[in-house]
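Shared between the two complexes below is subunit A, which pairs with subunit B and subunit C, respectively.
Entry: the complex of A and B
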């Protein structure tokens, strides 16, 4: 990475681009808040007045759950990305050509623009929604150690999610239409990432299956660390597993790239 | 030699879609493909500072060749070498030394002011600040981009966008400029502006230019050499003058005579293809290699009074139209 500067500038442009559509922004933040409300009320109804459930990780209180929801709803703006759509649209229209004529690595270009968008999302969606959620529903303050480990795990989660989406997007190079496959992966991701339901509630066999998938590494693991459901040593192990997944997905994406760029067909003359 | 292409071939697999509902169902189970040779064993080379017009009908293989040279398509067979490297093996390295404008697309950031994209180029190609400012100033002078530099790109007119894309492709002083239909959809004034700019860039920076276009005026005004491609094969490679000589030897003489002359139809000088007399207006089409206009005028002057006359040579457009017709027969 000898040319870091261009990727930083690239991310800056992606950040600035987000300011172009104000109405769009208002709907996004409104949507996030609505989603937060809906989830909190669903879990309140499910867990009842005394609000305690015993699960595979021990007793979970309503306050645990509310904290989980606030965190998962806010960090979703960082972990979720539109990399698949971006690649898909560019391949379909042939616009991809305009990105490949640049002396830049395609993956890093996409990563930069994702990070630029994330900075915007962090400042203008995550922070307001988080503050609102904490005031409205309360929050379990984590220990400083857990908070620090959480941030580390969250960054890993963002990277893992990027690589998953990037790899799926690359399949679009090979097969012009990957819509149904994307939908399938998207559903797998919602289920196993823990963005909607913590994996605590999974039956044993499903929890076992999830251990072999990269998806829980994105939402579930970071939030579990934040809530202090594992001790520090376990947290380190979890972060280690995340790093392992990053290496694996990096390799897979690299292979896919090498295979697909050779077979790239640029649409529309 | 900056560009060397040898026996370059690019094949595409195209799905044969069967007609009708039954055909669509059959396609689900068994697909048939046919191989399209977009580029078929072509060879040519281009020297530094040359401005080459790349001409051919739609689907002839122009864009495919360009994309291979840009390093974004991998050929099926053969070799392309640009500045001593294989572009599709070292795409990023190749990209640092080329400028690309695909007329139908843009590399500008759609939702940001133009200045943001231009600024980005500085970092993308590591352009020294002083050089960047110089180039920006000189492009502003010729292309007038300073007038809309702070406007979001999505609000630019096509002509403005194209000028901006051109500037963007040249800020880093590339050795080679690839242009694919850079004047498509532009009005006459902007077209002329773009051509003037390209001539200027070639003259002052010795930038090698490969220009694919359907607009023969682009070729005539900017290029010194023509490369004609049809169905993936090179049909002509040589100077524009030679092209005119070899294929465009038909000239037209238009004369206004004092009065109608009987028997003038009997003009029988070898080399005359066609003559039309309409009242006092005479149009003679002739092969300028076989007969010259002076001989025709002398023959006319012996029989009548010539009030006025004009000789026009075949334009590149005429020549290419004839060549295309020849191909399709």
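Entry: the complex of A and C
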């Protein structure tokens, strides 16, 4: 119980840290809104006059797409995180050694900080942009069941994204310069997560490829569930696949941690 | 003129030191190349599904995007990273060192803070995509058109440079200007991914007359694609990219000079 309280303190700290950079977040809201604006216009132009298109998940309407990008643009502030930067900075400064002797789990500490930052992002970026987006462009109200499943899937997506970034960050223990690799993964993520283009527009073979990647689990799967493009049973299956990925990534991260801590000891900090 | 010669000397030294670390050199280039391959894959996915956006087909959009990418790479190669550093240099006082040497301060900044070759990735990919575009698009080439293409690329690069120079010079007044710059450079530039004819009038006015990104790709693409996208404002805009580039760069350079004269060291 005491442990949990410490992690909550970490979360609070991260929240307060964000609060110190208030002007920055106004610009971030501005940036998100501009992005949303451009996307809505692009999809309007693509969908053309009839405003719908048939895909692998059935007919997709313009309203579906607008909802998709409003949700994707806003939840990006939760799914994205700065875990890699934090680990990188700690490794470079040598501060990481201090974390190793503390009676706390480094991963859990990072995770609580991420959640604290997410709470800030939720209140001060996600909500304003969401409200603006819904007022300006309209929104498809989901059924309560879909909304509930969406929240579950979104939380899984946030966890998956955390583990992906955490694992990449740990590679920084082994190789001092990971930014190339990190961008490489980031680029793949931007395409295959469905944050910009829903995977239902992908040609069959590419959609097949994406099924073997963890990236669609972050954006595409939760939003697809929200929009009711799968029935409840399918949603359960999708959430099951997310859980499977969490287990896999958890294992990978654990192995990486064990391997890299050993390596760090050899370096002498 | 002496400054310019010195600049090339600096650049030669930089390149030599960069080539010492071959792997870092090539991976910087590769990663940018790869990033935009992914971007182009996204464009392909969308147009493979929808065929057309506002009358523009796949290769029209490729040309449109590539005009932006290539000129961004060309302009940024020399300007982006050094000017990015301006803010922190003002912050920690090291910018003063630039001002007291007998060399043009801008050229000195560009020369001494150059450390990145990644934009060659944009340029290499841009060249490949241009070749593919011109193979697919039926453009009747003439000497004038080739000449105009080259001047568009130079002009468009100068528009990018002007916007970078302008936004970074703000830090000579306001020490914290990163967020303004990010919005103008990154967020606004997104509007150029697709033809501006899909937006409302307000955005078109902004992108033509206020932050004139449209001269980088939309208007010149119209020239090469036979006026695709319809006439916005006036048909003459198709021909103005080189002039706009030159004008904006001069303006941005003046702004920079005013900034330097106004600059008060933070004193640290």
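By our rule, the second predicted complex is superposed on the first by the 260 of 269 C-alpha atoms of A that agree within 3 Å, B and C clash if a C-alpha of one lies under 4 Å from a C-alpha of the other, contacts with A are read in each partner's own complex, and residues count from 1 in each chain.
In this section, a residue touches a chain if its C-beta (ideal position, glycine included) is under 8 Å from a C-beta of that chain, and two chains touch if they have at least 3 such contacts.
Model, not experiment: these values are computed from the prediction.
Once the two complexes are overlaid on the shared chain, A:45 sits against subunit C while remaining clear of subunit B. When the two structures are aligned on the shared chain, A:131 is found in touch with neither subunit B nor subunit C. Look at A:31: by the touch rule set out above, it reaches subunit C but stays clear of subunit B. When the shared chain is aligned, no partner comes close enough to touch A:237: not subunit B, not subunit C.
Across the complex, subunit B is touched by residues 3, 5-6, 9-10, 13, 16-17, 20-21, 94-95, 97-98, 100-105, 261-262, 264-266, 268-269 of subunit A. Taken in their complex, subunit A has these residues touching subunit C: 23-24, 27-28, 30-31, 34-35, 37-38, 41-42, 44-47, 53, 55, 177, 180, 183-184, 187-188, 190-191, 196-197, 201-203, 206.
Subunit C meets subunit A in the complex at residues 24, 27-28, 30-31, 34-35, 38, 41-42, 45-46, 48-50, 53-54, 176, 179-180, 182-183, 186-188, 190-191, 193-194, 198-200, 203.
The touching residues of subunit B, counted against subunit A in their complex, run 12, 58-59, 63, 67, 70-74, 91-93, 95-96, 98, 100, 102, 104-107, 109, 111-112, 116-117, 119-120, 123-126, 152.
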